[in-house]
Amino acid sequence: MALPAPLHGVIPPVCTPLGPDGEVDTASLTRLVHHLLDGGVHALFALGSTSEVAYLTDAQRGTALETVLEAAAGRVPVLAGVIDTTTPRVLDHARTAAALGADALVATAPFYTRTHPREIAAHFHHLRAAVDLPLLAYDIPVAVHSKLAPELVRELAEDGTLAGLKDSSGDEGSLRRLLTALGGRTGRHRGPAPGFAVLTGSELTADAALLAGADGVVPGLGNVDPAAYVRLYDAARAGHWDRAAAEQERLVTLFAMVDAGPESEMGRSSAALGAFKAALHLLGVTAHGATAFPQRPLGERAVAEVARRLDAAGLLPEGPARGARHD
Amino acid sequence: MALPAPLHGVIPPVCTPLGPDGEVDTASLTRLVHHLLDGGVHALFALGSTSEVAYLTDAQRGTALETVLEAAAGRVPVLAGVIDTTTPRVLDHARTAAALGADALVATAPFYTRTHPREIAAHFHHLRAAVDLPLLAYDIPVAVHSKLAPELVRELAEDGTLAGLKDSSGDEGSLRRLLTALGGRTGRHRGPAPGFAVLTGSELTADAALLAGADGVVPGLGNVDPAAYVRLYDAARAGHWDRAAAEQERLVTLFAMVDAGPESEMGRSSAALGAFKAALHLLGVTAHGATAFPQRPLGERAVAEVARRLDAAGLLPEGPARGARHD
Amino acid sequence: MALPAPLHGVIPPVCTPLGPDGEVDTASLTRLVHHLLDGGVHALFALGSTSEVAYLTDAQRGTALETVLEAAAGRVPVLAGVIDTTTPRVLDHARTAAALGADALVATAPFYTRTHPREIAAHFHHLRAAVDLPLLAYDIPVAVHSKLAPELVRELAEDGTLAGLKDSSGDEGSLRRLLTALGGRTGRHRGPAPGFAVLTGSELTADAALLAGADGVVPGLGNVDPAAYVRLYDAARAGHWDRAAAEQERLVTLFAMVDAGPESEMGRSSAALGAFKAALHLLGVTAHGATAFPQRPLGERAVAEVARRLDAAGLLPEGPARGARHD
Amino acid sequence: MALPAPLHGVIPPVCTPLGPDGEVDTASLTRLVHHLLDGGVHALFALGSTSEVAYLTDAQRGTALETVLEAAAGRVPVLAGVIDTTTPRVLDHARTAAALGADALVATAPFYTRTHPREIAAHFHHLRAAVDLPLLAYDIPVAVHSKLAPELVRELAEDGTLAGLKDSSGDEGSLRRLLTALGGRTGRHRGPAPGFAVLTGSELTADAALLAGADGVVPGLGNVDPAAYVRLYDAARAGHWDRAAAEQERLVTLFAMVDAGPESEMGRSSAALGAFKAALHLLGVTAHGATAFPQRPLGERAVAEVARRLDAAGLLPEGPARGARHD
């Protein structure tokens, strides 16, 4: 399906539920997509960082994307992450995603290597030319260890290479400068780059990004409570900023579940992913809360803390954790 | 004078005008303070990074602080930066600042050395105990190369060591988590740390920080257009978020003056400081636009670009640049 | 073939010659392997960073490894890089490498994600258990953005998980501490970790690493002048340290070819790889000097500078560049 | 006294013993200087990072430098660190050091601010012009967070601004390239920059640096065992590289004392400084082992571990720790 222009709204990066054997649990993934659609999300982002894309084999990536597409069934657009070190490898993923029916591609700058901005520009130009799908740039320095320069994004937006940006840089000042340069918060729409979508991956400041003129939000925590992000988004669109900020604050409190894992024994990625996946299990959405190898699992105490956070947020209304359901 | 509890509002880090001989131009500094007070600011921060504190000798620091205090004449509180590598050296500055009559101190974590969070905690405890003035922590990883952990700030807020935080980390998500943990945007006021002030140094996202519950903003650009930041603050306090965001957007556009300097020949600090100081000169506030040695000066073209930005922002109403006035 | 215990000597990371179509030029690669064997190298490392592994599709990786194995024809061991983001993806490469006949595997810590040392340990344990080939750890923080802690390497050496370390961290002090902990330069051989091989990827300080007790060297520049590294190694083994250092100095001078590319337009990886590949072309070893997309190619002036460096090193004895041979 | 050209040999960065009141213990410092001179060192470096210069007030810096100069009594040259954020502040220290009689100055690039290489060049030019003493550049990215580019060092060496480099960057490949560019290990002496001294601060690879052509070594650990570094240096000068390497290996083993402090509670600087100072106390050289505030002290177990290391190195021949002597 065609993307709305611009792409907007709440677009969660869909977690990839795994079974005890480490394989994609397609039944749980289907339920998760339904959970997100029921929450009112506007699109889905499969195979992003929160989807543990870096831990999935090519076969597993295919299975996950196929499952999300099937479960979404055309009700909302599905974006597919095509995450790999450089252009030739990304292209392989892009062709697969296109063949499976993805509605848009999301690619980072090259990583592992040290790449010049002109080389990064060539990377995006080539991807766009080689596969006929809208292309979004994924700015995630914490993973790829380079920041997409705002001038580069603007250039690629204005020449039509990019249909959007998913900004997970955490650099809100830089994002504000980009938004302002692209016509500002009221400049309908994106001035010199018509239809260009600016999405933030900063799940703790979604209200601020929307106030600044962003089109949407890609919140990892949106897997757990998609409806809250939709309420936040709707309040923002209606200009009810205090309401949006109150929703955000509630989500910030819920987000503290990522501290449940013991930092001394887990990577920071593992702790956050582990908390989200434990929450989905506790909510009864997925059959298991496992993260991919070699990430260490959350211990019992950490899972209890996640449950406490869910409960405090009113997400566990029925008393005992519902996770048992699918075990 | 006693600080309001909490300290709040627009608190610009006051630039330090220099003469051609590299010495503090006290007449210009006095005019700058009046310019800021006329703009309606709520307090002044002398000897911060934007004041080029790292370039001022101890004697010059004394002169600058004295001049600001005298010019402010008790109309607003004056905070003094006490910036040095470690506790014993910071203490020397703190004692001087107290003797000169500063109303509060602003200190970073130790730098040059690699310091453990427990050592950083001891640093702030000792400063607070040794000099009887309210103490604010200055979180500025770009300068000191460590980030103040939110848990540490919270601990030092709750035990009364810190009267506030000046957050220049650019990590808005972390700031949001801290604000939420300290009672949130509506939890009057700062729950477990009564009177604790959260100030943001992120001049491009002041609206967002205020929406999230920050008490004030410390904008370098506020030297150039203090009244605009006061309008932004007032709109935010009144809950007029769209108006606040529009003011912010105008300031983001004005901020682009920092790109005037040629990156290939100047440090990033120099380019931004050079632009602010050129603007103050063009506005007729200061007699010169010079930055401290060894920073490279802006060239003619860059100064013309700064003038163009000022003009576009409506800050040069009278036609020819007014800077000549004091030449 | 079985690895010698410990693996030792000069083990160049084999460049991957590409055709104008971007595909692996197997004829050139075969010639390159012969060039290296003629130079007297002790083993070959295919699919390393210098092989542009991050730019090769899975199919191209297979072709390259197969070609190297065939050309080596059992005369020296062939190590295969298995470079990917996390364990499940690395395992796919490892199984392919084993099936093709590689003699050992070389794996980095996970990248793109943030991984805890205990998770990194699990990563190597699992790889070793799943594929029955000697496993070397590849410490390359510039690419993966974490450093393998010496204590972790030591633990994995002593428990038999690792057969060796390829150290490209540039942290010679840390390497010296590891070597000393593992029995020192004269502790035959590797004390608590019998047969463990310590190889340095620091091509500019190979003499120093051998003096410190390293077993071998993995020099990217060894593609260009393998015989010189073998002379360096032999001198070191014979205790002729001044001779070894003189060889090293000559190679440091030759290495300056990596500065030929204009930094302002190329990534630092591209400039170095571009120089090595231009040199191989100028030497007549390969039919083309192309690097993989999206790396920018060296310009004519840069190639001329590479030729000048080769000539100064006495590697272009016949006058006109021999590269034309295969064009 | 005039520096030898080039400055060479073992030049320890002199620790600054402190009393329980945090003040400089001049009697202990005098004994330490005698300990170093007895060990045969060729010069002394006061007020370096290992001297805890970042923790000393201006008054304490003066006391420390004065004490070292007096104790050295002209037997060896005394270099003085002039460590501060930018040129104007460094100049104040430089003038004081010159007035006290230092024989050379050692300055880093500016820190706290972000400074362009051309600004760094201006910094060194200005320091050299303003104070008539030989000037050495101190490359220590771990403290100042920028690396001195080898091309810049070379330029400042060749134009006579710098009399030498103290390289604590840990980047041995870069150092090797600089040495080679400056005439190489046998090019007497420093080719285009006559008399220029290259000193390494890498105490674990001093043998390697000397093999590469460095003129001297500035080892923190040299406080503890100066005679061993002198033996290492003499062996290297005589071309006895295996003997030099064996001395280095013994010192690497001794260096492990820096791991004695519990990493979870101390900064990495504190742990290393704490170990060296505990060792000096155990050896009876200093009256106390205290480090400057806010560094955490080593605990009893850590001090016992330091003693064990000293004993294993044969530095505690008399049985019970000699530290009690001065208590």
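Order of writing sets the labels: A, B, C and D. Residues in every chain begin at 1.
The rule is short, and it goes like this: a contact is a pair of C-beta atoms (placed from the backbone, for glycine too) under 8 Å apart; a residue touches a chain by one contact, two chains touch by 3 or more.
All of these numbers come straight from a predicted model, not from anything done at the bench.
Asker: Suppose chain centres are the mean of their C-alpha atoms. Which chain sits farthest from subunit A?
Answerer: So the farthest one, by centre of C-alpha atoms, is D.
Asker: Whole-Å distance, subunit B centre to subunit D centre, using C-alpha means?
Answerer: 36
Asker: Compute the distance, rounded to whole Å, between the mean C-alpha positions of subunit A and subunit D.
Answerer: 49
Asker: So which bits of subunit C are touching at least two other chains?
Answerer: Subunit C, residues with two or more chain partners: not present.
Asker: Check the chains against each other and report every pair that touches.
Answerer: Pairs satisfying the touch definition: A-B, A-C, B-D, C-D.
Asker: Within the complex, which stretch of subunit A touches subunit B?
Answerer: 170-173, 176-177, 180, 184-186, 202-205, 207-208, 211-213, 239, 241-242, 245-246, 248-249, 252-253, 255-256
Asker: Touching residues of subunit B toward subunit D in the complex: what are they?
Answerer: Those residues of subunit B that touch subunit D are 22, 49, 54-58, 60, 83, 85-89, 91-92, 110-116, 118-120, 122-123, 126, 142-145, 265-270, 292-296.
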